[in-house]
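Order as written gives the chain letters A, B, C and D; numbering starts at 1 within each chain.
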Amino acid sequence: MKVAVIGGGSSYTPELIEGFILRAGQMKVDEIALVDIAAGKTKLKIIGELAKRMLKKKGLSTKVTITFDRVAAITDADFVLTQFRVGGLDARANDERIPLKYRVIGQETTGPGGFAKALRTIPVMLEICREMEAYAPDAWLINFTNPAGMVTEAVHQFTNVKAIGLCNVPINMQQMTADILEVKREEVNMRFAGLNHLVYGTSVHVKGKDQLDVLIKRIAAGKNMNMKNIYDAPWEETFLQALRALPCPYHRYYYMMDDMLEEELKTSREKGTRAEQVKKIEQALFMTYRDPALDIKPLELADRGGSLYSEAAVSLIASIVNNDHAIHTVNVPNNGTITQLPDDVVVEVTCMVNREGPQPLQIGKLPTACIGLIQQVKAFEQLTIEAAVKGDTQKAYLALVANPFVPSSKVAKALLEELLEINRPYLPQFELKKQASSV
Amino acid sequence: MKVAVIGGGSSYTPELIEGFILRAGQMKVDEIALVDIAAGKTKLKIIGELAKRMLKKKGLSTKVTITFDRVAAITDADFVLTQFRVGGLDARANDERIPLKYRVIGQETTGPGGFAKALRTIPVMLEICREMEAYAPDAWLINFTNPAGMVTEAVHQFTNVKAIGLCNVPINMQQMTADILEVKREEVNMRFAGLNHLVYGTSVHVKGKDQLDVLIKRIAAGKNMNMKNIYDAPWEETFLQALRALPCPYHRYYYMMDDMLEEELKTSREKGTRAEQVKKIEQALFMTYRDPALDIKPLELADRGGSLYSEAAVSLIASIVNNDHAIHTVNVPNNGTITQLPDDVVVEVTCMVNREGPQPLQIGKLPTACIGLIQQVKAFEQLTIEAAVKGDTQKAYLALVANPFVPSSKVAKALLEELLEINRPYLPQFELKKQASSV
Amino acid sequence: MKVAVIGGGSSYTPELIEGFILRAGQMKVDEIALVDIAAGKTKLKIIGELAKRMLKKKGLSTKVTITFDRVAAITDADFVLTQFRVGGLDARANDERIPLKYRVIGQETTGPGGFAKALRTIPVMLEICREMEAYAPDAWLINFTNPAGMVTEAVHQFTNVKAIGLCNVPINMQQMTADILEVKREEVNMRFAGLNHLVYGTSVHVKGKDQLDVLIKRIAAGKNMNMKNIYDAPWEETFLQALRALPCPYHRYYYMMDDMLEEELKTSREKGTRAEQVKKIEQALFMTYRDPALDIKPLELADRGGSLYSEAAVSLIASIVNNDHAIHTVNVPNNGTITQLPDDVVVEVTCMVNREGPQPLQIGKLPTACIGLIQQVKAFEQLTIEAAVKGDTQKAYLALVANPFVPSSKVAKALLEELLEINRPYLPQFELKKQASSV
Amino acid sequence: MKVAVIGGGSSYTPELIEGFILRAGQMKVDEIALVDIAAGKTKLKIIGELAKRMLKKKGLSTKVTITFDRVAAITDADFVLTQFRVGGLDARANDERIPLKYRVIGQETTGPGGFAKALRTIPVMLEICREMEAYAPDAWLINFTNPAGMVTEAVHQFTNVKAIGLCNVPINMQQMTADILEVKREEVNMRFAGLNHLVYGTSVHVKGKDQLDVLIKRIAAGKNMNMKNIYDAPWEETFLQALRALPCPYHRYYYMMDDMLEEELKTSREKGTRAEQVKKIEQALFMTYRDPALDIKPLELADRGGSLYSEAAVSLIASIVNNDHAIHTVNVPNNGTITQLPDDVVVEVTCMVNREGPQPLQIGKLPTACIGLIQQVKAFEQLTIEAAVKGDTQKAYLALVANPFVPSSKVAKALLEELLEINRPYLPQFELKKQASSV
């Protein structure tokens, strides 16, 4: 069994290595191929060496390969994991900071930030998929690269690769729910439905009892249902009671748009945007990783965010390899699962996973109070994907207009121009289009 | 043939009378019964006398009845026209002014204004429908009362009345399109689709030629595509070209939310809200109507807004009566016409109208750039209707959260409390609920 | 305005010419190009001369062109009418006779007969459409070639041609309904829905009154609701009352399968199949057409079947040319019109026709008692089309299995082998496939 | 934990008891209440005594209650199992024999046999559900009474009872597949979709490999894929290859209608119908059960049919009780699982079962070759259910017309009259209707 990790030089990789170590008893991995672009050479080497030390310490025979040849890494892989970041943290900083100039939430996965990231990322992902079609046609693509939902949807619509989009939000919501209800994570029967970073917990049962009301009460009373990288604005009890569903931490950007914007403006002034903060954390992390004596995942990695990330990824791979029929909430083609959305879009839903991959549990109709927002954001996503693949400026414009954070077509236009300009090195599809149309 | 007009004392009524006069050759009306509530006694009398003078001048034998007994007016009617306003212009002023306190657009048909109006109006409309079921079971209800889409949807979901929701926006868009293209209105083949006050012109043909691009260019160059009561913020050409559809004048509230809000804030400070302005116009109008020498529709009525209102209404009635198969854009049950919306909601679409009523022309899928907004607003409408019918405060809360103008659940809550409080005299359904639940 | 008629040598053509003559006041036709294959040379010449005499008699300047060059006929046409028959009446005789050997209804438009005809016809029709895309890209294709529904569906799924499938069944049902109700055809408001030769009249109103019950009673009492070429087995009143819809004459094959089969067996023994009878009628007709003194449509043509055929076709063309918004029941892409069928299939439904073509009137859900049969036959059609286009023997096999007339997969297999064998000269797509797979 | 068994006097009951014994380690059952009608007194006693002996032998403390008071049995039950037969085997004999008079397949679960059984059974089942709503509102109904799909659909549409329809066909298909592929049943990943007794195996994987082709080849070569009570007509390889799905044993009635009919006619002449054979087997079985020395399930029960019946039922109950997330193929509301069928019908699909009940794995679209037949039969089922609940003779007539076995409305009518007449004692809903309409 061979696992290729694209963006292998990411600071997250030690998490992933730890995940494989923890499941070594269930699943034997022969090779982990870490691949990155030339610009990430130093980082990749540091990570590669740390990974080797971590595996060695546990006496595992898994071979770690370091390469800058993506095709070589992909060839004959059983699983391809994608966690690359086109343009690096500098591009993310732009994604976050530029919208704030227009009093629009700067967020790298939803809103105009996620939009710009999708434009940069999707073409690269489709290239990777072309290579997979040629050199590893039976491999599974496990994608964490954000915006994970849109990227996975593009793969399903434009390639033949078997792809699963993965996010650590649902697994964390389940863990936090278990913590709040004071039971183990496996004791909570939870159903999730929605889009990536716009997913709702639609039911919560423990030992056959509906615990949604209890959960709502405790969250409103201050119990934690948030993730590291999101401002922890409190949920109001009457709202959660009316909604009768558990919003994900990212829902704050929609349901508390005014406060979240003010907080982002304040933080970006005082501490820099999240990307700028992460940059510092990453530098420190790599200093730590470099230490030849380090042969475990360092505790500081927790500050980086990404809680339960490797648990989600490695347990998903184990479910496929071991045909264990476990429950995972992942991004898959809708295909009628949520009947109010088109068949060919990607949704984030609870699945049973076996050797044939994720089998979504049927949902039917989501409540009216949830579906309107989901449909609006899905329209934004579809327009963004079309713009990203075709280099279509008009669709890009309409995507931003459709985004709930953008107050007007005027702001959308200004934002679009600025985002296209600053991301120009990463958006060849738009340049080619312009040349073509100028002929 | 008997026509009952509920809210007969409205300043619009002379428009309607003129409409029947203009079509007297095509359709013989035996009786027009004008009914209003006791509080509107003076106005109703003025209108009734003017109507009689107008008909007499043209030598028509149509009988005008004035009554405060709604059942008497409805009994044996062939058409029931509803144009009443629960709470009058004072309530409208609240609808417009209260949201502005929260920097939310105050608009009486969309947004929190339309929401409050729906809560007041729907229960009264359902009462009227119960009376129709009993006393005029074969009659058509032609509803102009705003929010016309939501009110008509409530009627279709909760009664057996044959109802058509009517708005003068599509007919005016067609007229303005004809003016811009310098042809007659009947020469323009236009298709409309969407919701009331959220309707798009999806195609424009003249003599077999697609004229949408020409139209867009001319509108962007300053040709009029607006209605009296909406601030005329200009449409940008690149946006309309990207959209490839003609937004309705009310779309400005969504696509230019920032500018429209600023304008409303400014106008309300300087000139009062639209309701406050209309109040003055109405007072002047009734002074004019009172004049026993007046026996035509006075020109000043044009300032009131409502252009082509009677043309839309009377030609629709004539299509039913005369089985003339003409094209009208009206509010009808979706029933699969727009496949991305539920079957049982009401949509505003182009129909062929015959003796059996409006037959919607099939649409299928609307473009992604239009449908996301429509779905979001429809969710708001569905929640509002459910709240209005059941007096359900939670659904009312969720409705405001779902409204695109409302930036957060926090603002929604504050707005809800204030709107419920100020409208308390008109919202018995919420009071009863509260009493019931306090037991 | 140029009209190309493919299969111009058909005995039906004088009907069509008469249709254009009758509408000469509404629509000026500059050229009618009659085209046929070389084998039909004699017939085409006879028809061409008769057409010229007919037009001359009426003093019309319409030019009649006779050609064997299909591209020349199509080039710059505004309308292309297709009424050709691949394999001629001999092939039809096989379509009708072979199934009878297996005690399966032999019918040239539905059942295994229509299946074989579709396999022969669809590839030729797609060739014609490729020529239209190149030489008359704006032209409308008006297709009468049977099976009209399947042929039109293939055109919509595999070409960009604007195509309308036409059948004279709905117009005849409307005419017979008018005759039975003793009113004029235009006074009947009727809605049709279903598939070609499987269409139901779903409502019948005259002057606002529902007349379906009256109609059913009179049909059950013996009033004519049948067409020339179908055995006139009587409809039972209790069945029509339960159904609450008007089945088309061809529905007898489904609802009276046992009696219709026995009748076909008997007739084919005693008088020959319908094709064999038609062959004789045709010979006589062409003898008549040959007469240089004949300059009108001869009365004998009525025996051929095809009543109101030219009325349906020419009035449809006039609706497009004159933008007259008239009502026609034609075969168009479903696109959500009947919500229980896929979007991309072709259905036969009531449309308003304007310059932009047929605009289907929305239907929504058909009654359970109708939709099951329609869905089953549509599955048969979809499989047949796929088989015809791809030369796929497996899909052809499954199509016959899905056909309601075929009692078992065993019979389907035997039938398939025999039909493929006897039609071999007309089915190159299956031969090529076989060669390809034998490599 | 209390289990109520309605129709407890059935000869199947010892199977069920054995099932609970085999799972005693996983699930503690406190009480099994066997209830039957007074006419079944002798049988119920025999069964009750045998059950007690079987449980005692294994040293289990489960209490067995015997009662003729259905409400008492239902009260506080956790699971209600229904396996009753209205009219007994005599009624079944009619279901099978009467259609044969018209050369229509006589089959007690599909076709006119299943139709008659549904008319008799559904009203009784709705009575039971009313009792469950009152006396065991949280209980699960596990229904085996045939036609299991229709009966379960009626429960879901007309009551609030949580109901699962169960059939032993899918579990047997999985077992036979495992036998043919020479692996254990749990090693086969299989997906099923369709309706009860019209279900297809849509995919077969073993250890990640698609084994459908291998399976098809072996079945065509003679490996067993049939059930005891169905004539084992062989499947042809080319048909299965074209279909690319595994038909269920009952599919023979549709795909081999001619041969199955001939076989039924022959058997009924020579050996009597299945009901008549079963009657003899049952008499012998009860003779065996009576033996006070018997304290295990006798081997002869296998001849009765119903293989793996208790395994299916008891493992399903265990999945709910133990929240074990196992895979079961059961009858549940469609709710979008198969997107080509209405939401509110019941389908037989593969589900993951947890404490909250069956969670269907999403399907989306079934292949065209399967869906047409399923839709046609579903229309038959919907009409039958409506007829059964409302006593509506017209719907009953349309149901029979829609059944694929019935060749014409004429035969449907004759069959309907005879079936209503002979079942008159069990069809009070039709009698009441007749009286009402005769007033």
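The definition used in the following text is that a residue touches a chain if its C-beta (ideal position, glycine included) is under 8 Å from a C-beta of that chain, and two chains touch if they have at least 3 such contacts.
All of these numbers come straight from a predicted model, not from anything done at the bench.
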Touching subunit B and also subunit C, the following chains: none
Most widely separated chain from subunit C, with each centre as the mean of CA atoms: A
Between subunit D and subunit A, distance of the C-alpha-averaged centres to the nearest whole Å: 45
Distance from subunit D to subunit B - Cα centre to Cα centre, in angstrom: 54
Residues of subunit D touching at least two other chains: none
Pairs of chains in contact (touch as defined earlier), listed by label: A-B, A-D, B-C, C-D
Residue ranges of subunit B in contact with subunit A within the complex: 236, 238-239, 241-243, 255-259, 340, 342, 368-369, 371-373, 375-380, 382-383, 386, 394-395, 397-398, 401-402, 404, 407-411, 413
Parts of subunit C lying in touch with subunit B, wherever the complex brings them together: 189, 203, 205, 207-208, 323, 325-327, 335-337, 339, 343, 352, 354-356, 359-365
